[in-house]
Each structure stands twice: as C-alpha cells, then as structure tokens.
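In order of appearance the chains are A, B, C, D and E, and numbering begins at 1 in each one.
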Amino acid sequence: ACSTDTKGNEIEDEKPKGQETPKTTNEDSTLEGSVVIDGSGTVYPLMARVAEEYMLTEQENVSVEVSRAGTSAGFKKFLIENGTDFNDASRNIKDEETAEADSLGIEVKELKVALDGLTFVINKDNDWANEMTPEQLISIFKADSGIEKWSDINSEWPDEAINPMGPNENHGTYEFFYENILNKEDLVSSVSLQQDYSTLVSLVSEDKNGIAFFGFGYYVNNKDKLNAVHVDFGSGPVEPSLDTISEDGDYANFTRPVFTYLNVNFAKEKPQVLDYAIYAVENFNKFSGESGFAPISDAEAKENLDFLNNLK
Amino acid sequence: MENSNWKKPVYETNGLNLWYGSSHALKNIDLSINEKEVTAIIGPSGCGKSTYLKTLNRMVELIPDVNISGSITLKGENIFDKSIPVEMIRSKVGMVFQKPNPFPKSIYENVAFGLKIHGIRNKSLLDRIVEESLQKAALWDEVKDRLHKSAYGLSGGQQQRLCIARCLAVDPEVILMDEPTSALDPVSTHKVEELINSIKNDVTIAIVTHNMQQASRISDRTAFFLNGEIIECDQTTTIFNNPSDPLTNDYINGRFG
Amino acid sequence: MMKELRPHNFSRRTKLRLLLNHIAKTIFLLSTLFGIVVLSILIYRVFSQGIGWINLDFITGKLSTRPERAGIMGAILGTFWLMLVVAPVTMFLGVGTAIYLELYLKKGRLQGFIQTNIANLAGVPSIVYGILGLTVFSRVMNLGNVVLAGGLTMSLLILPIVIVASQEAIRAVPNPLSEASFGMGATKWQTIKHIVFPVALPGILTGAILSLSRAIGETAPLVVIGIPALLMPFPGGILDKFTVLPMQIYYWTLDSSLTAEYANLASATIIVLLLVLLVLNTTAIIIRNKFQTSN
Amino acid sequence: MSIRSELDREISVRNLIEQKRNSRSFNTLFEKAVPYFLFAIAALSVLTTAGIIYTLLSETIEFFKRVPLADFLTGTVLKPLSQTPEFGILPLVMGTITSSLIAMVVAVPIGLMSAIYLSEYASVKVRKTLKPLLELLAGIPTIVYGFFAFTFVTPLLREFIPQIQATNILSPGIVMGVMIIPMIASLSEDAMSSVPNSMREGSLALGSTKLEVAVKVVIPAALSGIIASFILGISRAIGETMIVTIASGSTKNFTFDVTQSMQTMTAYIVEVTGGDAPAGSTIYYSLYAVAMTLFVFTLLMNLIARTVSRKFREEY
Amino acid sequence: MENSNWKKPVYETNGLNLWYGSSHALKNIDLSINEKEVTAIIGPSGCGKSTYLKTLNRMVELIPDVNISGSITLKGENIFDKSIPVEMIRSKVGMVFQKPNPFPKSIYENVAFGLKIHGIRNKSLLDRIVEESLQKAALWDEVKDRLHKSAYGLSGGQQQRLCIARCLAVDPEVILMDEPTSALDPVSTHKVEELINSIKNDVTIAIVTHNMQQASRISDRTAFFLNGEIIECDQTTTIFNNPSDPLTNDYINGRFG
C-alpha cells in the first residue's frame, strides 16, 4: 500500500493534467458515472474514507457520493425505484425491508463491512461509573427499572439524576440497542435522543451525569473528551478497544457487525458500482482500524469478493 | 367668446369636460389655439390650467380615473380618435414642464432622445439635428464643448432650455409649456422668454403662467381660466387693457387669486 | 396666576428628568452596541479558530475525509454555479414582476392581491421553500439534487425580496422623467427601456445583490433537497451534483465531534463565506452610494 | 442657421418620423404583447404560493388519513420512528414557541432601544456608522449563528447555569434574538423616522427631554409600525431553521424547561428529510403536516403584521 | 439702532453670530425683545428670521454643524450657560410653528402634554389649566364637546390655535411664533391675530412674518432682517411710516424680497 505522503503527492501531480490521464493501474480504467451511498452514520466515516481512496487512486472519473441519513432512513431511500446503490447499516436488514425489496424486484446483497463495539461513554469528571455490568447499563436505559439516580445503582455513587442519551430512531445503533440489548423493551422516557452523533459527544462531554451509547469509532475519536465505561461481562471489566471488540475479543457481547447492502441490479447494470463494490470489499479491513472498527475475517471478505467477481 | 382670428387654428377644443374621479376639473371648455402664435393661459391656482394643457397631448390620461367628454382637434383630426395612437399626437406636440426634467443622460442624448425613439439612427443626421435644435434653443454656444457630459451638470435655466431643445428636435407642430419659468431665476427666465420669442414664428406655443407680466410680455392671445371654466379668451392686449368680463379685470388687477 | 408652574419651582423634578434622559441615552447606546459587540465576538472567534487553516491548498483543494487534506473548491464552485442559476432567474422574474406591478397593473384588487401575496411569500420560512423545491424540482421535474434544482429553489426563495426591492427602485424614478418621455411620444415600453429601467437599475442591482448574498448563505432548503456529505468531484455545470459553502460548514460542524479539527475547518469555511458576502455587500453599497450621489 | 437647412429639416425630420412610424407594425405588436408577457411573469409569484399550498396540502391530507387530526393537534408525544409511533405536534409547537419567545425577549428590548437611539439620539454621522454595522449582523448566514450558538453561547451559558444541556433551547433562542435585533431595530427605526419632525419640534419646544419625546410622542405615533416589526421578528424566529437544528438537539420534549433540548418544527423537518425523505411512509407525510403547520403560523404572523402596519400608514 | 424702551427687555441679544457649517447665517445681531410686547421680525426669504427665532430657545442646536458665538440673555440669564439645561429654557419659552403640529393625541392630551412632562398629574388641576388655556386660545367653545377626540379632526386654523393653547398651558414667559398664519386661510388668520392681541398683555411674543400688513397690524415693535444682519429695529409705526434706513424703506414698499 502507498503511504499517505505518496498519495498526497499523487494528487498534486494529477491536478494540472486534468481528466484525460486517469491515474490508475486498473485495467478498465475509463469508468465514469456515480455511485450513491446513504445510510448508517456509524459506517459513514469508514465508507467515506474508502470512497475517497477509491476516487483518488482508482477511478477519478467516478463520483462516489456518501451520505448518512441513518440506517433506517437510508433503507427507505434504498428500497425505492431508482434508489441508492448501497445502503450502509449498523444492524441487519429487517424482514419487512427484505419483503419490500422483493416486491420491488431489487436483489439485495449484504456485505459485512467491519465490527463495531457498542460503547457507553461518560463524562471525564465521572469517577464513579467507570465500571459497570451490562445489567446496570440496561437498567439505566430501560423504562420502569426504578433507576433514576446514580445512587439507585450503587449507594456510594452520587445522589444525582442520570441523564441517559442516545442516537434517535433514524439510526441502526438505536435499533441494535433496542432490539439486541434491551430486547425490545421501551426506553426510559427521560432519554435524550439525537439525530447527530456530534451532539451526543458534546452533550456527554459537558454533562457530569450524562451517559450515552454509540459506535466505538465515535468514542475513539473523542477519547480526550469522553471516557468509555468498562463493561464487566462476568470475568472482570473490559475496556472497549480495537482488540476487545473483535469477533472473539472480551467485549464481543456488545459487538455487532456493520454492513453495507448492495443493490445487485445496479451492480449488474452499472460497471462503476460493481467496480467500487469490489474495491470496497477488498479494502474495508485496511481502513477499518483508522475509523475505530475491528476487521472482519478474511474468509468473510473472500466470500463477498467471490460473489462480486461472479457478477462481472 | 372667441373673436377675429386671422390666423389658422391648430387646436380646436369644443365642449371639453374633464373629471378626476367625481371632481369636475374642466367645464365645457371651448378654445382655439392658433398657428405660429403664443397663447397664454392664466388663472388662479387650481383653476385647471395644467389639466387643460395635459389634455391637449392626452398626458392627462396617465392619471387613473380620468374621464373626458367633448372634442379636441389637432389640425382637424380628433385627438381622441381611437385609431390614432397617443404616441403619434405626442410626437407632434412637445411639452415643457414647470421643473426642468432632463433625462439622466448626456446633453446630446437628451436632444437626440425623441429622434431615436422614432427610429432615426443615422449618426450624421442626428448630429445635425442636435446642433440645430440647441442653436434654436440658444444653448449651443454654452454646451457645444460638453455635449457628451451629463445634462445634470447644467444650471436650472440651461436645463429648461435643453428641455425646449429636446422638444424642438422632433420638429413639433405645437409646444405646450406649463409654467416653464416658475422655477427659474430672473436671468434664466429672461433667456427662456427670449427663446420663446425667437421660435414662435416656427412653432405654435401654448403657455401656462401665473405671472401676468410674463403673459403680457410674450403672448399674442390670452385665455383666462377660473374654476375649470374659461372666462375669456382674446388678444393679449385686449385682455390686459380692456377685458370684457369683470372677473378678468378683478384677476388682472390682483383682486383675487 | 399659576405661579406654581414656573420652572424654578419644579427644578428638582427637572433634574430628575434630565438624569433619566441621560441614563436612558446610555442604555440605548449600549443596546445598539450590544449587537455590534456580539458581532465582534463572533467574528473574532471564527477568525482565531479558522484563519490558520486557510491557505491555497484549502481554497483550491478537493473535499476529503481527512481534515489536513480537505479543501473547499468544490463548495466554492458549487456556490458559483448556484448563483449562475439564481442571479439571472431572479433578475428576470423579479424585475419583470416589479415592472408589471408598478407600471402596467392599475391599482386595484388584483394589484393588492399580488402585492399581499408577495409580502406573504417573503415571510415563508426558507425550509418550506426547501420542501417545495424537493417536491417540484427534485421529484416532479426529476432533477434530483443538482445545481439547477437547488438554484430554482433559491430563486423562488429570494424572488419576493428582489421584486420588492425592484419595485422600490422603480418607484423612486422621478415621475417628471417618465412624463418627459411620454411627452416626447415615447411608448410605454420605450419609456421603460430608455428611462425608467436605466434610472432604476442601480437600485435594482443593489437589491438583487443583497438578496443574492442571502441565497449564498442559505442552508435549510439545501438540507431538505439533500446534499451528499462526501462529494469530491467539482461541479462543472448546472446539471451536476454540488455542495455549497454553508452546507460544508453544516457538515463539518456535525463532524467536529468525530474529529475536533473539523471545527477549525468549519471556521475556516465561515471566513471564506463571510469574505464572499463582504465583497458582495460592499459592491452593493458602492452601487447604492454612487446612485445616491448622482441623484 | 440657413434657410436651406431649415427646409431640409422640414422635409426630413417630420417625414422621416412619419415614415418610420408606418414601418413599425412589429413594434406596436410587441408593445401590445409586453403586458401579457409581464403578467405571466408576475403570475409566477402567485403560482409559487399556490405551489406551496398545493404541495403541502395534498400530502398533509394523506397524513391525516393515517393520523387523526385531533391526535396530531393535541398530542404531546412525538415518536415517529417508534414501533408504536405517535404524532403529536405539541412538542414541536412548544419548541418553536419557546425558542421564538426567548428570541423576542432578547430582540424586542434591544432592538427597540437601538431604534430609539438611532432615530432620536444618534447624530447623522453616528447613525451612518452604526446602522450598516447592525445590518451586517442581519447578513450573517444562519448556519454561522448556529455554529456560534453551539460552540460559544452554550458553553458560556454553562458558566451561569451549570445544569444546562449541551443542546438546549435557550442558547439558540438567544442567538436567534441577536439575529433578529437588526430587523426589529431597522423596521422600528423606519417607523419612528417617518413620524414627522414637526412632532418632535413641538414637543422639544415645550421643554421635553429627548426621552420624553421618544416615549410620549414618537413611540405612540409609530406604535403600529413598531408592533409590526415585532410580529415580523417572531415570524422570522418561527421559521428559523439552522440555528435550532444545530444547537437545540432533536429531543421531542414537551416541557417548559429552557435548559433542555427541544425540537422546533423546522428542526423536525430537517431531521426527517435527513437528506432526502423517502416517499410513502407516515413519517414522510408528517413532514408535510408539520410544514403546513409552520406555514400557517408564519402566514398568520405576516398577515397580522401587514394589517397592523397598514393601520399605521393611514395615520399620517 | 435701539431707541427709547420704556418696557423692560426679556431677551437681550448681543453680538450674536451663527454659522451653518461654513455659511454665516446670522451676523452680529444685537436685539432686545421687550416684556409684554409683540415684536415682529420681518425680512426677505432666507434672511435668517427663523434661524434667529430658533436660536432664542436653542432649537437651532438640533441642526448638526451649527456654531454660535455671542450672547443671549433671558431675564438676565445667559441661555448658553452650560449649567442651565436647554429643557429648562424651552419650558419657559413656547414656540408656534409655521405648520400646525399637534401631537397625534386627543385635544385634551395635547394641551396637557407640557404639564404632564413637568410632573403635574393632579386631574382637577389639569382639567382647570386645559380649560383656561383653551379659553385663552379662543378655542374652548369650539372643542369643549370633543376634548377627548383626536386633534387631527380639527381644521388647520383650529390646530394652530390648539398649538398656541399648548404653549399657554405651561405659562411661558415668551412665545416664539414662526409665520404662524402662513399656512392658514384668511378667516383662521384673522382669528389667530385676534388671539395674539388678546394674550399680549400676559406674555411676551416674538413673531416672524412675511406679511407686512400683519406685522403692522399686530406688533408693537418691528425688527427688519436682511442677509443675516439686522438693519433696523424700532416701534412698528416708525418702521412702517418713517424708517431710518433706505433699505427698510425699499423693502416695506416692495422694491425687493
């Protein structure tokens, strides 16, 4: 792989030359058109990173546009006529979404992108709740658990109200939390749900009693502002990290795969979509660490690649 | 009310009535304006002088809610005739207003304006007519070195003469003047009066003035308006020395108005 | 009579009144300065945070997911193309409507109706225009989220402002000028073309430029129409997808929680945006002053 | 001037004009077409209104087929994406009204006092410097204000109100107020400046201080114009989007607590579109129902402002 | 230039100069205004009459860029004294303007305005003074049934008398009047003149007028201004019948202005 420096130089080199000399080693070097990606805000940083790299080093006449409406909102734009080419998702596609795809005649291929650890973050000044059990965490967010103050969890903790927060219903992260962690029990009504992860970061970093959950990547990038709760799954507190959130890591109980869903019809019709899909699948593992994700297994990556190569 | 006209009338007004909405501003006006004469229109403020003048070139119709009955003929043609476009009448009838209103263009462009809108584009012809018109308006010598400078650089009196030159350029039959000197200083007033005297052999002039001395100095005939009616119209000397109507006499002698 | 009213008898009260006047004056002055102080803080913060990030590469570079490589040429060009749609469309429609309302349409019901309508349109929130644009231009006309769709939406948004400003400029043309023109036998259209329009033009331009700067700073309608968060190619025409400076500021503000440097990028972009607006507004003011002195 | 040229002219100018006139039938046709053409252009503004109303209404009707009108108007819970969605608009109305009121609390006194200063106290020179500076404030894009509210005002407020949330309705409310100050100042100043000077002279000559002139003569005389400026300010605050989107979060709180995050109607629209709202879902239609409500709110405000200020214009 | 004053001066002006920017509008004015007399100030347009009047209550200072030198005393006190607030002077000196300028309030509120700003709130006292002032201004009978209606419902002449009543209410030492009748019809003019006659025993009046008949009808003394200078000031009968300066004579006889 080339270093950032070399890449930087490459861009500067290609600027004056313009578009006639696409700089790539790929054999079908003259692809153009656009690839439209929407969906998960959790996956966005990784997907955008891969897309940028693709445009810089592979196909400069292809425009890969990445948006981040959230997993669910993204699926609504994916599952329509002339919808998006990919939908990033921080949860699995739901049955009703699959059904919708079938009824529209859209063939959908799930591509696993990386592994993400659901991370609970607290304020830097919070020196009591650095270690918790999953049950304690759940009780904070679940309705009618009787937990409103820190002291309700542990009598030594402050007698102050907890401010639970999280991403709103547009997000796969919310749904993953709601379905897999809370087992579809209602959230406590005092929970503050936000559209933007940036807001959550600010909220917690400024609120001593705040606690929020989101993807590991948003934590890694804000380590200076937030602390992560070390979760005790039974064998001692585990700090979420690239190692622990991996498939067989100690944090694996709160780890979830994140995906991108490909519209296979488009991959067949539009060569640039397929080309990008292949590039992305080949490179997710290379960039995932940078964005705070753990890599998927080589076997899974290989399987996806084979599927795509068969579409050619 | 009219008497001995040895000159041919250019405008003939018969039974003219005009209403602004419901207010009756001109009542049953009968009046002739004769060729190559200066006709002065006098009367106290609000008597309808300006209204009458603006009716002669149908400018009054620009005001909303104006109603007109009666007839006015210009050289025998009814000016209210639907088949004659107003622009046609107005191009034959120049108008000079109380306040000088040159366009925010060069002196040259001001004079050439009328010609250009009537489709004359020939440069040398334009040059010639502009020069002639400015000469007639006794302005040429003062402006010949700054023809392409803004007309706003001229003094008020010069601007007013420019407005007259602008009229003259399209070679009008008649020039209507509405208190053309009331915004000017005595010297400029004098120059404009001289100018009127010098062109009156070429063009018919109707002039509204509130200055009775001016009327007597420059006009051949004078019409006296009062409350929208025409009281008397006669040779200027007759009106000023021997008016037949006592109201005229009172007005001339400053007893009202 | 009424000797008790002599001023010297109530001079203590007079002193109080004078004192009150002084205090009030100070408070009023402070109020006026309040806004200006806030403005200064805002500008100071933005500059201190962003100025270090402004360099040629930032201005001319492509968008990137890595702050140190990100540039805003795409957003600058997007803003440019957007204006290339908005300026002619609003000038044409705005001036046309203003001329019709001021010079052709008689005062009356229809005129009052259209005028009320325009005034109300000026008060419709920009996000509602976004929804209109999304529905009509992006969906029904199937333009998607390209420059043309955004530009037409923005045009509708600022149209009422342009109309009203043009109407004022036309109304300010001295009546004697058009009278003189009509008096020369010019037709209505000739009078408009040769006299009214040229005289009103500086006023119209001032209004148009000021409303353009409004359009340049607008974000909400474009959020609704949908601008991709990552879009690297530069737009090359009105049928290309695009992003604009305010959208970039919005996204980077959101991203600032992912990587703190994005806040600096947002500040740097704000500086560029403010400079663009400053240039536009100065132009407008210069035109206005020139126009005022020449009259 | 030679007689020759006189003759020349006699023939050329008049005749030329007559000739040209005869060959200008196209121009007269054009002249006649112009008003129709311009009418078509002017009609576009009416069409825009019709377009807005039609767009909003047709989808809003669809929304009310799914969610009863009464539930929408009286519901205090808004959970559009929940398994058991609820579509009460009141949390959004609350957010909108709260933020607008906060903005007014800031903008009305400061704007009005600035107007008084500019129109009654400032010398021509001072006015000519201060007014454009204030107007600059009005020219700052709202996204910049949003950034400012989020990164500066909220942290500043925390110094005084420690429990304030990182997204709250107070900070964007205040910043919207700052944004509206120039609007109220300038419109009120216009209203006050149009009070004839003779009125001020009359009062000053009686020994009034400038404060008394302003409070007892000028403000009462300009009152409807001033009130109209307030209403337009509220309308502006109601419609403001980016500041609240960035700084007030997206919690659909039905509360009076200004330190909490609240969502306004405008911010909800931004959230739901989130790029490009997918057609067909109830959420999608709720977008239009909320936009319709917003439109009605601002329309009412504008109509009131117009009525009030028309009354004002009749006074002199 | 002054002669025999058997009345006490209220205002004394010495060596007053006033500049509007660089234009010298009042030049070295020396003039006394005597107690319980009507002093008329006459002179052609632009000679500085209004400027002088506005200097007497320091209203002229509201105009930007005004510079004043010299002194004016009011009952012996220097009105330019820094320690005396202008509001104090103005509350002792009423002013009536060319165009009536009632406030957009009720008739009652107009008259009570000056009292209220000076802190008088006692309803019955207010009622009494309002009635007395309106009676002095010969307006009471015309308005007593509509005291709480808008002052804008009054005719121009009534409005002007209301403005005078407004001044009288605060019991001023002096009333300054700047062409108070020039916007009024003859009948209203007559009423205002009568009113001036009826109050002149109670209050000192300085009145600017362009109407020489009016000056001679109502004033005791007359000052003639020309080009910012005072040419002559004397008993009105002397000025009109036997002026000492030929310029005054020319002006009185309409030879200029």
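By definition in this document, a contact is a pair of C-beta atoms (placed from the backbone, for glycine too) under 8 Å apart; a residue touches a chain by one contact, two chains touch by 3 or more.
In UniProt terms the chains read B, E = Phosphate ABC transporter ATP-binding protein PstB; C = Phosphate transport system permease protein PstA; D = Phosphate transport system permease protein.
The shown structure was predicted, so the numbers you read here are calculated from the model rather than taken from an experiment.
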item: Contact-graph separation of chain B and chain D, given in steps at minimum; value: 1
item: Required steps from chain D to chain E (each step between touching chains, minimum); value: 1
item: Higher-contact pair (C-beta pairs counted), C-D versus A-D; value: C-D
item: Most distant chain from chain E, judged by the mean position of its C-alpha atoms; value: A
item: Centroid distance [mean C-alpha coordinates] between chain E and chain A, Å; value: 84
item: Whole-Å gap separating chain A and chain C, where each centre is the average of the chain's CA atoms; value: 38
item: Between chain C and chain E, centroid-to-centroid distance (C-alpha), Å; value: 50
item: Whole-Å gap separating chain B and chain C, where each centre is the average of the chain's CA atoms; value: 47
item: Two or more partner chains touched - positions in chain C; value: 7, 17-18, 187, 226, 228, 253-254
item: Where chain E touches two or more other chains at once, by residue number; value: 87-88, 91-92, 117-118, 170
item: Residues of chain A engaged with two or more neighbouring chains; value: 67-68, 196, 199, 202
item: Touch relationships between chains, expressed as pairs; value: A-C, A-D, B-C, B-D, C-D, C-E, D-E
item: Residues of chain E touching chain C in the complex; value: 85, 87-88, 91-92, 115, 117-120, 129, 170-171
item: Interfacial residue positions of chain D with respect to chain B in the complex; value: 1, 5, 9-10, 12-14, 16-17, 20-21, 23-24, 28
item: Contact footprint of chain D on chain C as seen in their complex; value: 7, 17-18, 20-21, 24-25, 27-29, 31-32, 34-36, 38-39, 41-42, 45-46, 92-93, 96-97, 99-101, 104-105, 113-114, 116-132, 134-136, 138-139, 145, 156, 159-160, 163, 187-189, 210, 213-214, 216-220, 223-228, 246, 249-250, 253-254, 263, 266-267, 270, 273-274, 277, 281, 285
item: In the complex, chain C residues that touch chain E; value: 1-2, 5-7, 10-11, 13-14, 17-18
item: Complex contacts: residues of chain D adjacent to chain C; value: 27, 30-31, 34-35, 37-39, 41-42, 44-46, 48-49, 51-52, 55-56, 59, 109-110, 113-114, 116-118, 121-122, 130, 132-134, 136-137, 139-148, 150-152, 178, 181-182, 185, 207, 209-212, 232, 235-236, 238-242, 245-246, 266, 269-270, 273, 275-277, 279, 287-288, 291, 294-295, 298-299, 301-303, 305-306
